[in-house]
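Same chain, two partners: subunit A is paired with subunit B first, then with subunit C.
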Partner chain A sequence: MRNLTLILCVAAALIALPHGLSFSQQEVLVFLTINILLVASYRLLTLTGEWSLGHVVIMGVGAYASALLSKKLGLFVPVSMLLGGLTAALVAYILSFPLFRMKGFYFLIGSFAAGEVIRLLWKRFREPFGGAKGLKRIDSMPDFDLGFYAFEFFEPVSYYYFALLVVAVCLWVMWRLERSPVGLTFHAIHWQDKLAEAAGVNVRGYRTLAFVVASGFAGLSGALLAHYIGTINPNSFDVEQMVFVLTWAIVGGTATFYGPILGCIVLTILNEIILRELGFEQARPVIYGLILILSILFLPKGLESLVERLAARFRKTPGKPELGTAPDKEARA
Partner chain B sequence: MFELLVQTGLNALYAASYLSLVAVGLVLIFGVMGIINFAHGELFMLGAYAVVAVYSDFQLPFVLAAAVGLVFVGCLGLVMEWSLFRPLKDNPLGGLVASIGFLMIAQALVSMGFGVRMEHVPPVTQEVIVFSDKIRLPVQRLTVIVASVVFLGLLWAFLKKTRFGWALRASAQDPEAAALQGISVRQTARIAMFIGAGLAGIAGALTAPLISVNPHMGHSVIVAAFIVIIVGGVGSLEGAVLASVVYAIVHTFVTTFADGVLADITGLLLMLLVLVIKPTGLFGTADRA
Partner chain C sequence: MIRHVFTGRFNRRSFIKASASLAGLAALNTSTSGLALAADKVVKIGFLAPLTGAVAAWGKPGLDGCQIWAERVNAAGGISIGGEGHKVEFVAYDNEYDPAKARTGATKLIREDGVKFIMMLGGDTWPGVEPVADRTGMLFSTLLPSDLSPDTNTLIAPAEVHPIYNVTGVEWLAENRPDLKTAVMCAQDDALGLPSVATYLAAFEAAGIEMLDEPLLFDPATTDFAPVVTRLLSKNPQIVCLDTCYSDYVHPIVEQLFQQGYKGQIISCTADFYDQMIAKTSKEFMEGFIFQFPDFDDPALNGHGVNFDDPNGFYAEYNKRHPGEWGAVSWEYASIMDLWKAAAEKAGSVEPDAVLNAMTGSGKGNHAFGEADWWGKDLFGIDNALVGDWPVVAIENGKARIKGFKSIPDWYGKHGELLKKHMAAYNQMWDQRT
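Right, the complex of A and B next:
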């Protein structure tokens, strides 16, 4: 009962949120919602202990696929979005064959290389990907009227509500997945892959599963992005964007489900709203870079460790240990 | 056709020479500290900007500018070691993120100081060695090739013939055993960082008059260097040099006979192929990350 009240309160707050913001802040809010899905799916991928540098390109696969399907085949946009996610999952499945021969540093760089190959293919082939200029005039979501609220999707507020619904459903699915036996196996593989293998777990199969499912959600987030901004190009999904996702996850902390989301929200607000409005346009990367360095030096377990400490202070008795306790060090030495 | 092949070969040799300087530095840093320096391309970029400042702006001799590039970027490496990599030596992902932070700061500071536009570095010498009508080797490129050979030779001699070099190789192989033998790991990390960064700096400085110098030039260099150290096998200096030559040849020939983007794709596919066949690279053995 208390949980339900809490959820309703959060939902009401999220629905009311855009009305207190300026237009440009509403736009940031839409991107933030989409990026939350991206970074949460990234954490799902890292659950098995492998860090990818190709996740943003996979997001782009979803964006390109959904844009092309609606543009060339005239598919209904929500359908093409779903198919975009599926395409991303399929591409990830194909990539998993070469990539999961590698581990650790080699996987990191291998995934980067695989992503770059895909990105360069978009750049090289004008048909159908549009070359370096990318795709323009991507169909937007069709407007519709609920009676009490009319969705007009060029409006950030309408799109925010739509994205919020999609992202909430996806987060719920990922959250359930992590708490299912499958999710527990992911954790087991992260910490004791040899032992898990000895216990009869198909380690590679589970790694592939995490990679494919995470990629599907990333692809969906890409589709959400593409049909909102209406134009995508290979540079929308370059290594710079990947660096942002990586830093959101690491600065937020990856031991908990909410850690990367927290990192995404805090760093986005800092970078897009506070620093931009203070007028540090050129010096923004300097400050952002400094924040990264300082947070990694002085808060190595991420923002979530701060939250945990605060929470521990409020409740006197120590709570139940969180599932899959903090990765103190990367276990793979 | 034959002449075109020879000319492309010469171009590949030039590309291999500065790429191997960058890659060897990257391998050295990774070997001793176990940290992936994502900002290594920016060290190359800073070396090039040392030449822009000292040689184009203050009009001092090019040799002096190159020396400044070497020492200044080497010292920056020491600063990175002290401020970022030593506190994070047990946290490889943390080191990666910290180097990304450094990369952003370096790019933005250079953009603010010099502007985001491409810098024009006046040529040091216009002389060209003409073999035939179609085979020409600008002396400037020859200088880069010779300098690379000299620096790599010096590094080789340092690593194989001096006590510091032995210590460096020992702590790259097994930091704990090296520490037990009385080798100061902190000292070897400093030396590795100075040399590694300095090599990237001198590579950037030497090539500055030949390439487009801009704040984002580090990106393509780091991608190439990553490919090279993966193909060569992480931790193998000889592998890095050899892979630089192979990569440069493939990349230059595909660029000449097809186009640049296809050359990038070919390079990346080559690396993926090597990883699929031998997941630790051609000469690699250990996996420290």
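Right, the complex of A and C next:
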């Protein structure tokens, strides 16, 4: 009951949120929502211990596939979005054959190379990918009226509600997956892959599964982006964007489900709203970089460790720590 | 007074004295303005371009130039709308050359800041903004006319018709160095490089200069240009054309050309920060380097027909404030503002549709380098590009100097079909853009 109340309160806050924001902040909110799906899917991939540098390109695969399916074949946009996600998952499955012959650092570099090959294909083949200029005038979500609310998808508030629904469902699926036996196996592979293998776990199969499912969600986030801004090009999915995803994950922390999401929210608000509002338009990269360095120096376990500490402080009785609090956990560890 | 602050002897009397001095200075400043400005009459202009990141060199110097332009215009009484002076204020948004951020920026500038006109670099960022322009009817400008199409009714390209003006450099070269008969070319494979490749190919063909190889298109992520230059020089060309490379490419390519012993002619769209290239190579090596963007201290800009107010003074002020940062776009956004100001004053309104009508209604406009025509239906599907004469610039004894002005419409009248042929081959005609 308490959980249901909490969920309803959070849902009400998220629905009310755009109405307290300015127009440009509503736009940032749309991109933030889409990026939350991207970074959460990236964490799913990292659960098995492999870090990829091609995740943003996989996002682009979903964006290109969805854009082309709606533009060239006239598919209904929500259907093309789903197919975009599936295409990204399929491409990831194909890539998994060469990539999962590698591990660790080699996988990281291999994923970067695979991503660059895909980006070069987009640039090389002007038909159908539009070459370096990419695709534009991508169909937007068709407007509709529910009677009590008219969805006009040019408006950021309408698109935010749509993206919020899609992202909420995806996050719920990822959250359930992580807590299922499959998710526990992902963790086992991360920490003890030899032991898991000895216990009969198909390590490569589970790594492929995490890679494919995470890629599917990343592809869906790409589709959401493409049909909102109406244009995509190979530079939209370059390594610079990948660095942002890595930064969100590292600054937020990847030990918890919410860590990378927290990193994404805090750094986006900092970079896109606070620093711009304070008039540091051109100094943002320097300040952003400085804050990153400071957070890594002083919060090496990410923002999630800060939340853990705060939560522990709230839980603990004055003068006597309870069982299960962070210090107690550390002592047991 | 300041000494008092630091020595702790800042008392009530010195505070009143300081306040009175400041008030006096402010009053003096106001009274020296040519036209009395109504205190609350301000026209806001949006500046939506990359101010940080890899493409910032084509955004930030433009904003710096605009600030100087605004100070000069405001000091002279501002923009006169219906007999009332309006101050001009620029509101900038760094789009980082990203279409999503450009969309957010356009929304902010229009819906929150209430700007009446937005200047952009264009290129990759324009498609993100296009739906916003459609919905709001806001007037936008771009430096890249390849953004134009019949659907972009409120987008104008009034400063430069990139890359069409590149034909003037090749034409000048063919007239003045008729001995040069072979060329090679390289460019980054992107939205800026490709139409420029098509233009240079047309210009070389029109000038009877043979291309020794297909244009070498390199990936924009390239950082090592030694192999690129080696391949270019393997054909033993008389001319090396650097197309419209970003300055991050032009500099290392020129350095490689120098190191690999090239002695021939170089032609390029831009040569931003050419003093740094001279420092890395030599004055002798850079002698005769042809490009398209003059320094504004050039005496040729004081001649009849140039519509940029006090170009030499503008250049001096710019260099005083931003030494070593003068580039191709330093004056372009400011020159667009000259055109916008004239149109707003003619229309007696700052509303986007009224200004656009006043600007393009007669089919002619005062471009920075002389009277020009609103043109472009053939190539862009709409006559929203302002085209006239363009200068050809050469480096002489370490300094950029205008060698002459050539007419783009005249060249197009003779060789337009060639240009369309090459543009079509690179899928750059407006109806081929996806």
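Just so it is clear, the second predicted complex is superposed on the first by the 316 of 333 C-alpha atoms of A that agree within 3 Å, B and C clash if a C-alpha of one lies under 4 Å from a C-alpha of the other, contacts with A are read in each partner's own complex, and residues count from 1 in each chain.
As a convention for this text, contacts are C-beta pairs under 8 Å (C-beta built on N, C-alpha and C of every residue); 3 or more make two chains touch, one makes a residue touch a chain.
This one's a predicted model, so the numbers in the text were calculated from it and none came from an experiment.
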{"item": "Fit-or-clash call for subunit B and subunit C when the two complexes are aligned on subunit A", "value": "clash"}
{"item": "Subunit B versus subunit C as contact partner of A:A63, first or second or both or neither", "value": "neither"}
{"item": "First, second, both or neither for A:S22, with subunit B first and subunit C second", "value": "second"}
{"item": "Which of subunit B and subunit C A:L120 touches, first, second, both or neither", "value": "both"}
{"item": "Which superposed partner A:P285 touches (first subunit B, second subunit C, both, neither)", "value": "both"}
{"item": "Greater residue coverage of subunit A in the superposed arrangement, subunit B or subunit C", "value": "B"}
{"item": "Which superposed partner A:A88 touches (first subunit B, second subunit C, both, neither)", "value": "neither"}
{"item": "First, second, both or neither for A:Y106, with subunit B first and subunit C second", "value": "first"}
{"item": "Touched partner set for A:F31, first subunit B, second subunit C, both or neither", "value": "second"}
{"item": "Contacts of A:I250 with subunit B and subunit C, given as first, second, both or neither", "value": "first"}
{"item": "Touching partner for A:G130 - first (subunit B), second (subunit C), both, neither", "value": "second"}
{"item": "From 255-263, 309-317, 381-389 or 417-425, the subunit C stretch with C-alpha clashes against subunit B", "value": "255-263"}
{"item": "Subunit B/subunit C common contact set on subunit A", "value": "120, 123, 282, 284-285"}
{"item": "Interface residues, subunit A side, partner subunit B - complex", "value": "51, 98, 101-106, 108-110, 112-114, 116-117, 120-121, 123-124, 239, 243, 246-247, 250-251, 282-286, 288-293, 296-297, 300, 329-330, 332-333"}
{"item": "Touch list for subunit B against partner subunit A, complex", "value": "36, 83-84, 87-88, 90-94, 96-98, 100-105, 107-109, 111-112, 219, 223, 226-227, 230, 234, 259, 261-262, 264-265, 268-269, 271-272, 275-276, 279-281, 287-289"}
{"item": "Subunit A - residues contacting subunit C, complex", "value": "22-24, 27-28, 31, 120, 123, 126, 130-137, 140, 154, 156, 225, 229-233, 235-236, 238, 272, 276, 281-282, 284-285"}
{"item": "Subunit C to subunit A touching residues, read off their complex", "value": "51-53, 60, 92-94, 97-100, 103-105, 107-108, 111-112, 124, 127-128, 130-131, 135, 189-191, 193-194, 219-221, 427, 433-434"}
